[in-house]
Structure formats: structure tokens, C-alpha cells
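Two complexes follow with chain A in common, the first pairing it with chain B and the second with chain C.
Right after this comes the complex of A and B.
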């Protein structure tokens, strides 16, 4: 390549002037033409809130907690969403029912800090936490942007209909004993020496 | 030193070790499961495969298991070679074929060695589509959760539990891929060290049950280096805190003291800080709460006239020192019982004596002939009992050496040695939990124990001892056997404790002195006090200022005011004496928990627990160690020194400095503090991990505006995620973490070498200089008792005999009622059977206890366990007579049964049969 610093010296005054005219004029004419063209393009602006925009299902908005196909809470309080969260706006505490099923005692999202990045959804091993296309979360008081489990937990499965963590994981819970999860043999009889 | 080449890099290594250990010592990442730094190698898991080359020309190499390969000088190895890394990935893939995929609901998740090793080996996706083997779990008691599906059959659990800790009720069962680790029958794990399974198991088969009930991932716990307050050993622990409550305690490596293991009292006993019995607010005599300013005024009033201060062995050096400077040294009294105080004087004299050396726990493991005199170490200083179980294996190690088997070849060494043990003589009253490894056992009453000890020291001094008629037989044999063992040993050790009483401690000192004289070298002598800061408190108290003198001065009205810190006097002196004294005095009690003493207090003030303040404590060796504040706990509680508002109390470090400057023997205490000037750019050490989560949501339910993090201007640590990385500076290391090593096995990254000291570590400082040339104590005289009466001897239990830990909910599930034990013949003679009620002395107001038969109880002796004060179901041990006649009664026992009965009692000599 030629030396870019040496180049201007090699041009004459006239050549430089012609270059200047062509650059600026062409650019301005092209710009004017483009703006003019937009007169005939359909408008993107939506008359929100009278008119609701179409939201795609993968849009990352308000966070929900979902239930598995059996209607039980999907969240097992593993804390992976909380640790993945870059603004640390998720806090929860694990507890357990009598039959060994883990669930969150409380589950809190501080939406005034949330940046809707979706890392929590990506980290979630049970598809419990999901982002939805709802974005209408403005509040007058910031304190009202702190959502507890009662606010977050919905009745359905959300975007992922099939996921049922405890049907795969080997931990026994109420209604699913050892050996009843997917791909499991019945529990071993330790007193047997047969192969 | 040998030179080896690993992947083209030359390392200098110790040829006595195996290749895996040396690779890890060099900081290399090599996956492993069954190898454990304390348990050695068995080559069971095949995970640590590497390629070994014959010489520089060899390009093929052979696959070897590094844990089973001795390091040879000039050896050439490769960790990265394709065959080796493929093999490791294949091995882990097959280990994972039946893994239950339940990491999100596993307590081990996030600090799991299996997760780390799977990542490290590069096994990412499950290809095996056949069915998984499943197992049923067992209920293993209040401490340990069992989830057998997660097992990878590395055998670490049984190797620790049975081989290392001497447990008998955990075993490998079934065969091939059905192998099961559990008990024959569901039930509580009996070993005092069962909690270590949580850390020994590389997966989540054994997890911490009390922790699971308030579960928090490792990265979310706020941690700081701390010292256990369960007994006088001073094990290093890492408590974890979240949402203002203590969540769990795990081991913190200290190469001289606890190594990798803790006892269950230490691990599960710390939960007393969250318990119901915590004193959470200040109260006056009528039970009304009192404001902080009112307390401060009341305390400042106390400066106007003479006040008696009663210290405490469970309070820190700084708290005791603050009380001493508040009331004046002449008014500062011992918080120990008189007997314990006397015994501690013997202990301190021996600590000053140049003839003795107090071995650390690691050094105890190296002793090759041991005499334990009158103390059931497993129940009073459990971690030392675990060390004794290792020291009896020195015979096996010596045998292995002659057969040129390296010590790390664990299975081979055990196979070779079979039942050969180094000599361990246990001279005690009744059975102890070390009886199964004792080569000589003298089981006798106090009188005989004293006679035997006198005879032994005579024998060691080269004189022929005189035996009395009734002790001639077995006693003489035991003494002779012990004499031979101690004299022929390279590193003999004598152990006694304040539980055995001052008389036997003097005997133990005499034996050690005779040994030291006859061998003309310093002799190892361990004297164990009962509580975590017994030694520190005793060093601060003058010899004459006994508790009974303090109580006497209060009772006769000489002094009208008293301050008692962290002490329940009803455990320290006879009930009548304490009542008299306290009723006459205006009493101020500062304590962490609620105690009966507070019923007499004009004001009860809450003090900070071990995890809420930065303090120092002195262990049995005279080693002072610093324990950091872990988190904020009870709002109303403050450290005692801050309540007393003595000079320098505003900052814990200045209080430590003042204690070092003013208290004799404490000069080197200041060296406990890490050097704040040495820290890079003044950065503090964060208590929170770099993955700490939920900071903007934890307290958002109360206020969405996040408060400022609490500032700790006392310490080199901060309540923050930010600060000095432990990888850069690990001088204050709470929990080990290194890239790719999330489990506790990451500790190898911080050790100078495997099992070596921590890089930049703070091992604590020995306070006492041995400068005294002591004399042998006069031979002890026998104890008097009436003919036909039973000698009353107290027994301790690991769960229940310690005040603070007994308040922990998990420990409370393992407590048992107070009892009196006799042997079968004595019980038969009195017409008594298991479960009968026995009265001591037969008077109207005499103490009545349920009887159990313990077959090893010496005849003429009644062993009494006084119960646990935590359940309000204990008798004051100082109310017991020294000897008493026993009779069967129908009336209810003095201690109301707690409903726990005696089913939790774990002893070696329980008798369940009928007569």
C-alpha cells in the first residue's frame, strides 16, 4: 500500500478541489434523496398505549416463575439464577417439603435493578425462571418494583411445556420414588450378590 | 530431592511421595478421587492416569495411575498426552453412567469435587443411554444426609470412617456396580467424627443435614477464619454466614492442629448462636428489656466501688482482660471451679517447665508410645483422640518401612500390619472410646490409678515400686507393660486432662518428668483443659483468686457488687454456695446464652458470640490464635470489652495490643495479628466470594435502597466482595477456592506442599516460654472413702458435657439424660437393673438418677453423667458427694427426663441383657 501521509503532496491543487466538491455534493444529494424516499414508506411508530405493539415470545421482559406439567413449582432453589445475575437482583432461600422436594422459601427479584439480560433464564436448569414479552412494569414508587414469589409465580408452564426436572433427576420426592425417574432401574437390593 | 520432567518441565520433588501428590504439590491440575492427602493411595478410581516414559527416546510411554506410582529421579511423565487425557475422560464418563443428574438439588453443588473433576477431564455430554442403577437412602441421624445415587464408589467414606477414625458402623455392601455405602441397619452414625464424611466424600452422598435445612451455596456464604470453641484443642474452622445467621461450619486446614478433620461437636455445635437459648436483649431482674444507654450508665456506676469480676474460660482473652482491668487484678476471680482451677495451675506449671514439650496434634500423630491417664479423650478433646488413632499406626508404618513399602500405599501398609499397633496404654476409670485400640488397659478406681501412676514413675526413675496387696496383679502387669513401651519408644507421650483431676495430672507430670530424666531429653506431655480458653483465662487469673473465695466475699457482704461474664456459676460451684453469694450481691451478667445464673442478675446483657467479634484464644498447648468476625449477628450483642468500655476497647486490634502490652505471658499475643502494612495498596481481605449473589435483593423487601455495606475498621477483613484476591495473598484464608477447584480440595493450591503448612499462613503464637526447671510433685496420697460406699466419678460425653454446643439444635438431638452407671456385679448385688432409679446417700434430699449398667465400670465405682444444662435437665456436678451409698428408690429422678432417654448414649460397654 502507498504511504497515506505522502499522498496529498502528490496531488495538484485543482485535483484536490475537484475531489472536495464531488465528495460533499454527492453526499448531500444522496442524503436528501434518502430522506425524501421515506415519505413513501409505511410508518414504524405505534400509537402506544392505544395501539399495542406485537411482542415476540423470545422478547426479554418481565420475569416469571413457572410450574411443571404436574402443576408443581418448577423452581428448586438451586441459586444458579442468583449467581448468574450480573446486577445481583435475585435473592432466594432454599427450603424443602417433608418428602424431600426443594423449593424456594422466598424468591425475590428487585426489578428496579434488573437489566432484563436473561442470564437467569439461561442458567436455570429446570426452566423455572423465564422472561416474558411483558414490559409494562413502571411504578410510581421504587419499592413496588421489588417482586416476591407470590408476584412472580404463574399457574402455567410458560414457554417450555415439557420440562419436568424431578422426572429426570434421581432424587426421590413425594409421588416419585427411587428408581421411578427417567431411565432408572428399580433400587438395588444390597443383600443380593447376583449380578 | 529428585528431579522429574512433566510435560517437558523439570520439577524438584520429594522421592518419598507418589507422583499424584507431587504433581499437586507443584500446582498442576491432575484429576483424582480416591486419593486423599490424609488417607493415602489405594488406586481405586483410575482417574489420575498419566503417561510414564521409559527414557527420553521413548515416544510411546505407558499409562500408569499417578497415585500408585512412586516418584523416581529422572522420571519423564506426561499429564497432557492424548492417551492419558482420553483415558481420564473415559473413566469419568463411566463413573457418571448412573449419576442421578440432580446437581441443582444437591447440597454439594458448587463445591463438588466430582463437578470439578468432570469439567477438568472434559466430559460434557452423556452418551450412555442405558438405565441407571439406583439405591435407597438411609436415615443416618441428625448430622448427615444420605443420597446414595450420587456415589462414584471411590471408597473414601469407609476409608475415613472405619480405617482412619475407627468407626464400626459404616461399611461397603453388595458387589460390582451395586456397591452401597451405609449402615447395616438404618440409624445414627455413631462415630464422633461422622461429620467429616461431608468433606471427605467427593460427591454429595454424605451432606450436612443441619446446613441443608438452611441451605446456602458456598459462594453465597460470608466466611472468615475462625477458631472452634468446642474444646481446648483450638481447631481452625470456617463458619459461613448468610442473612445474619450462621449457616454451617467447615474445617479450615491447619497443618499443626486439625489438618483436614474436625469432630462433630465442633462442626455441628456452633449452631447454638442461632438457637432459642441465645440471650438476645438486655434484661433487668424483672425481665423487662433495658436500653443500651441505661446499660452503659449502669455499668459506669459499677466503677464507683469495689466490684468482684468473675471471668470465664469460654470468653476470649480480651474479654477476660477487659474485666480484669475494669475491676482490678485483686478483684478478678477465676470462673473455673476450684478443682479445675487447681488442675489448671498444674497445667500452667507444666507449660512453663523446660522438661516438657506440648506437642501439637500433628506431633501427637507421630508419637509411638502413649499413656493416657484418667481422661476419656474422645469425649473431652475429640480431635486429639482422632490423632491418637493415627499414632497407634506408627507400628504399621515402621513395619512398612522395613519391607520397603512407602507409607502412602495405604491398603498395602494396612494389609502388612494387620492388627499390629503401637503401644497405647489407657489408665482410666471405666471404659473410654479409645479402648478398642489400647494395647494396655488399666480400668480401676482413682486410688488404684494414683498408685499405678506412682509405681510407673518410680519404675521410670529406676526404682522398684511398692504395690499394695489388692493392686498387685493386673496393675503391676499394666505398669510393667507401659514402662517397657515408654522406655523403648522414640517419641513417648503422656496425656492427662483436668477432667482426671489435679492429683492425676501431677502424677502424669511426674511420669513425664521421670521419662525425661531417664532418657535425658524433653518429654511430650499433653494436659488437656476442658474449655476453649481455659488456659488464657487461667493465665490472667492469680493463683489465690479462686471462685469459692469470690463467692465467700460476696456471701459475707464484704463486696456488694459482682460482674460475671459468660459463665454459669451453677456449673462451677455447689448450688447452695452460689445461691448464697448471688442473693447477697448486686449482679451483672454478660453472656451469649441464657443461664440459671441470670435469675439472680440485676441486669443480664447479651454478648457477642465467636462469629460476631474478632478475638484471641489460647489452646491446650499455650498457642494463641486469632478468630475473625464472620458477620453481623444479634443486634443488641456487643463484645464484653466494649460493654465494659475499658480503654482501647473500641477496636478489637487495639484491645489485643493492650492485652499483649499489659498482661504478663501475653507479650507475643500481638504477633497473632496479620500485618496490616504488608498488604498491597492497603487492600482488605474480602469476607465474601467473588461470586456472592443477591446483594441488591437480599434486603430489598425491607428497603429497596441498598444500605452501605457494614464497615469493619477493626480488622484486615472487610464485609465486601472487593479486596485482595486470596490467590495473591493468602495470609488470611477463610475458604479455599482456585480456578477449576471449587471444592475444599482447592486447599492444595495454598499449601507449600501437600500436607505442608499454608503459604503465608498464620499458625498462631506460643505464648509461654519454657524457662522453669521444675521439680517432681510429691507422690499423691490415696482418697478416703467409707467402706461400702461407692466412689462417684464424673463422666463426660462429647455431646452434652460442653455448655455452648449443647444449645445447638442438631446436637440436642444427640443428647441423653443424666445417669448413674455401675458394673453388672455391683448392680446385681444392690438388686438394680437397667432403668431403675438410684438415690445417692439415701437422705431425703439426695440426688436420684436412672441407672444403666456399663460392664467396664470398676467395682466400687459409680460413674455419673450429670446431663446437659442446655435442656434444663442437669444436676450440678459440684453437689455430688465424693462417695455415697446407693439404694434403689421408686420416686422420680432429680432431673426430669427430657424424653431423650439413654438411647443416644454411645459407649463401648453398654449392657443390654438381663441379669
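Right after this comes the complex of A and C.
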């Protein structure tokens, strides 16, 4: 084909006829043949229930609450996840045990609202709330989509094995006074003149 | 009861076979389209998904049979029955094998063309009675398309009729004993193929029902079994066109080794698969492109084809 600005009446009748044939018949036959060849190409379908799709480890799916390496709850009920949540699906109430540790009295995620955005995981200062590559969460009743702390809490550390908030934080709890945390110096005695 | 043309057994088995095949095409088409698009298609219900047809039938039979209150009731109900009746009537002249057929009419070719023309009433009435602008647009397009493509559908067959010397489809098959008519009538075959697609308004010529432009065209307002009849009518039309191409251009039931019915089935299935391939591969032309392609290219071509065929036959007779 020549450039489209060329004079329209310059082509001979036979050139135009040949162009018509190539436009209407040849190209269609080529298309048919190319599509036909796909009969012998392996399909892309993943037959889901029998054949599980490969889930990447950073997939944002079902939300869990994890424990620190000592086996204690990581969540300190700071409420940052509930604040960060764009759809307000997280509800929790802070309480305190006799050692002075903060923990949630209840922790509730309404998965019928959750959009799996992962903002809660980003907001969490203690790596307690984490998203996992599990997505099979369908339920028959809507109320079953509301998960309580007992449903969310797992036994292990999840994706981050080291994080142990109370071992690094300066807050005094039972069995660990100020200055005893990891990488923490004893508190400065402001009344002393010595350096 | 014996296998002779027009016996009750013959009529019943042809009717049953044709309708079952048309229903199975729902599954065949979806599977084939799937493979051509690197997918699998429906494969869950029954072995290879074969029972998908049954599931679809249960769905369509149990759907509410609703007639819109603004529609013209009589023609609204009449329209889907016309297409079924007309296409099924066309099958009556098709010779499937020696002794298998319903009528050996001496005007078989003309009868098929006449029934195809009547089929236009179905889409016209369906669109008109729906009282819906999309349906009306669809039926306008359908009427124009079917009327104009009928013209050279008929003309393209005249070469075959001239070669065979008969309008009787069975005699046309018998006349192809020496060689299939697709060789001397290749242009006629191509034109009939294109016109056949346009007549059964399947993709790429589904302009009357183009979902993307006029939602579903003439059957926008139809649901339940009435829609199902349009649907099955379309598949019946597909089977009919494939059978006609087999009969007129590819020697009908004739072939070595295998029994005649099997040969007919194989040949017709190839064309059905080809029509589904057309649907998978070719995009829909614009409405005016379709019309100008028909009147300005295919009509002169079919006339030239008829002229040359006539000259060759006459000069062969002179010698």
C-alpha cells in the first residue's frame, strides 16, 4: 500500500481490484488460519478446585493476628489498624493485664467489608496483623464473615519471625524494668553530674 | 416401516436428529470457541461437559415466559415459531443419504430459497412487535440484510443447477458422482458460503443482533423459551446451511468405504466447525460495508460466474 495522501484516482482499475481482494479475502483467510492454529496450543486455564493456583507469598488475603517468639500476643491494641482501615472493618478494645502489657479485649474483623488492601498491616507497629495468601473464605451466612480474635489469632509468628515488641520497647512491664530491653541503655540519672 | 424417502420413521428420526444436533451445537460451539481462545470452555457438567446442554435446557424451560405489556402479543408469539418452522421445513428437501430424506421435490433448491425468504418475516415481526427501539433497529437491519443477500444466494446456486440440469437436490448429489461441484463452481461456492452466513445471521454477519451496538437486536425483549426458539432456530439454520453446502458443492453422501450417512455427517460437521471458526476469528463489518460489499462486489461476481458457467456449458454441448 502507498501512503494515504496519494492521489485517489491514480490507481488503475486492476490495482484497485487487487487491493479489494487482498483486503477482503486474503487477510480474512490469514486470520482464520492463525485462529485455527490455536486449536493445538495448550490452554491457559487453571482448573481451580482440583488444581490450585500458585499463590505468591505477598498475596494479600485472609488476615491473621500473630504471636511473638515467646508465644505472647503481639497486638498491643494501639488502634492504628482500625484508623488506617478505609472501610472501617476492624473493631477492637484495649485492655491491660496485671504485668502492664496492653492487649485487645476483643478484636473483630468484618470480612464482608474488608477489601484486603493491607493498610492495617502497613500501619501495625508490632507486626501483629498480617495478610496471608489464603483467599478461600466464602460463607453461606453473612454473620459468619465476622471473625473474632479467637478466629484470627494463630500460634506462630507469621511472616516476621524476630519481632518482639516488649523486648525492644522502653515500656516497663512485669519481669522487665526500664533500661532492660534489648539495645537499651539504663535510664540517665538526671540528678547526677557525672557524664 | 422401512427406510424409504418419506416414510414416517424417516420423518421422525430426521426431525429428532436435526433438533438434537442443533441443541448439541450450543455445547460444541462453546467448547470450540474456548479452544480457539486458549480456554477450555464448559467441561464440568457430565463427561467433557456434554450435559451442559441438558443444564441449559432445564434453565431455559423453567424460566418465566414473559411477554412485555407494551408488545403486540400475537406477532410477538408468532415470530419465534416462524423461524423454527421455516428452517425445519427446509430440511424436508435435503437428501441425507440414499433412502434417507423426507421429500424428493423437483423444486428443492427453489423451496429452500423460498423458506429462507420467509425466515426474514421472523426477525422482522420479532423486532416490530417488541416496540423497542433496539429491536426495531435490529429488525430493520435484518430485513435489509436478508433481502439483499438472498438475491445472489439464489444466483450463485444457478451454476450448480445448470451443471446438474435439475432443481432436485437428490439429483444434484447424483450428478456429482464424477466430481464435486466445488471445483467448477468455486466462486459460486464462496458466494453461497458468505450469503449463507448472512442468511443465518451468524457472526461475522450478526449485524441484526450485534450485542455491542444494539444490545441484542430483534430479540432484545425475548426471554425464556421464546428466546430459546430464536436461539435453536439460529443453530438449525447453521446446520441447514452446512447440509446445503455439502449437498450442492461437496457431493452429499458420496465417499469411499464409510456408509453414506457418516460421510454426510463428516462433511456437514466440517462446515459447522468452519462457521464456528468464522465466529472466533472475523470481526463484524459495519452495516453499510455489509450492504455495499453485497451489492457492489458479490452480486456482479455471481452474475459473471453464472455467465461464464453458461458459456462453458453451451460450448461443451456444441462440440
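What we mean here is this: the second predicted complex is superposed on the first by the 141 of 195 C-alpha atoms of A that agree within 3 Å, B and C clash if a C-alpha of one lies under 4 Å from a C-alpha of the other, contacts with A are read in each partner's own complex, and residues count from 1 in each chain.
Convention: contacts are C-beta pairs under 8 Å (C-beta built on N, C-alpha and C of every residue); 3 or more make two chains touch, one makes a residue touch a chain.
Note that this is a predicted model, so its numbers are computed, not measured.
Visitor: Taking the superposition as given, does A:12 touch the first partner, chain B, the second, chain C, both, or neither?
Guide: Touch status of A:12: no partner.
Visitor: Chain A residues in contact: does chain B have more, or chain C?
Guide: Looking at chain B versus chain C, the one contacting more residues of chain A is B.
Visitor: A:32 in the overlay: touching chain B, chain C, both, or neither? Say first, second, both or neither.
Guide: It touches chain C, and chain B stays clear.
Visitor: On the A-aligned overlay, A:45 touches which partner chain: chain B = first, chain C = second, or both, or neither?
Guide: Only chain C; A:45 stays clear of chain B.
Visitor: Can A:195 be said to touch chain B (first), chain C (second), both, or neither?
Guide: So A:195 only meets chain B here.
Visitor: May I ask you to decide whether A:57 touches chain B, chain C, both, or neither, giving the answer as first, second, both or neither?
Guide: A:57 sits against neither chain B nor chain C.
Visitor: Spell out the residues on chain A that touch chain B in their complex, using ranges where they run on.
Guide: Counting only chain A, the residues touching chain B are 76-80, 82-83, 85, 87-94, 96, 102, 106, 108-110, 112-113, 125-126, 142-143, 145-146, 148, 165, 168-172, 178-179, 181, 183-188, 190-193, 195.
Visitor: Can you list the chain A residues touching chain C in their complex?
Guide: 20, 24, 28, 31-32, 34-36, 38-39, 41-45, 47
Visitor: So in the complex, which bits of chain C are touching chain A?
Guide: Against chain A, chain C makes touches at 34-40, 277-278, 280-282, 293, 297.
Visitor: Could you please specify the touching residues of chain B with respect to chain A in the complex?
Guide: Those in contact with chain A are residues 99-106, 109-110, 129-137, 147, 149-150, 173-176, 178, 180, 182, 212-217, 219-220, 243, 691-698, 700-701, 703-705.
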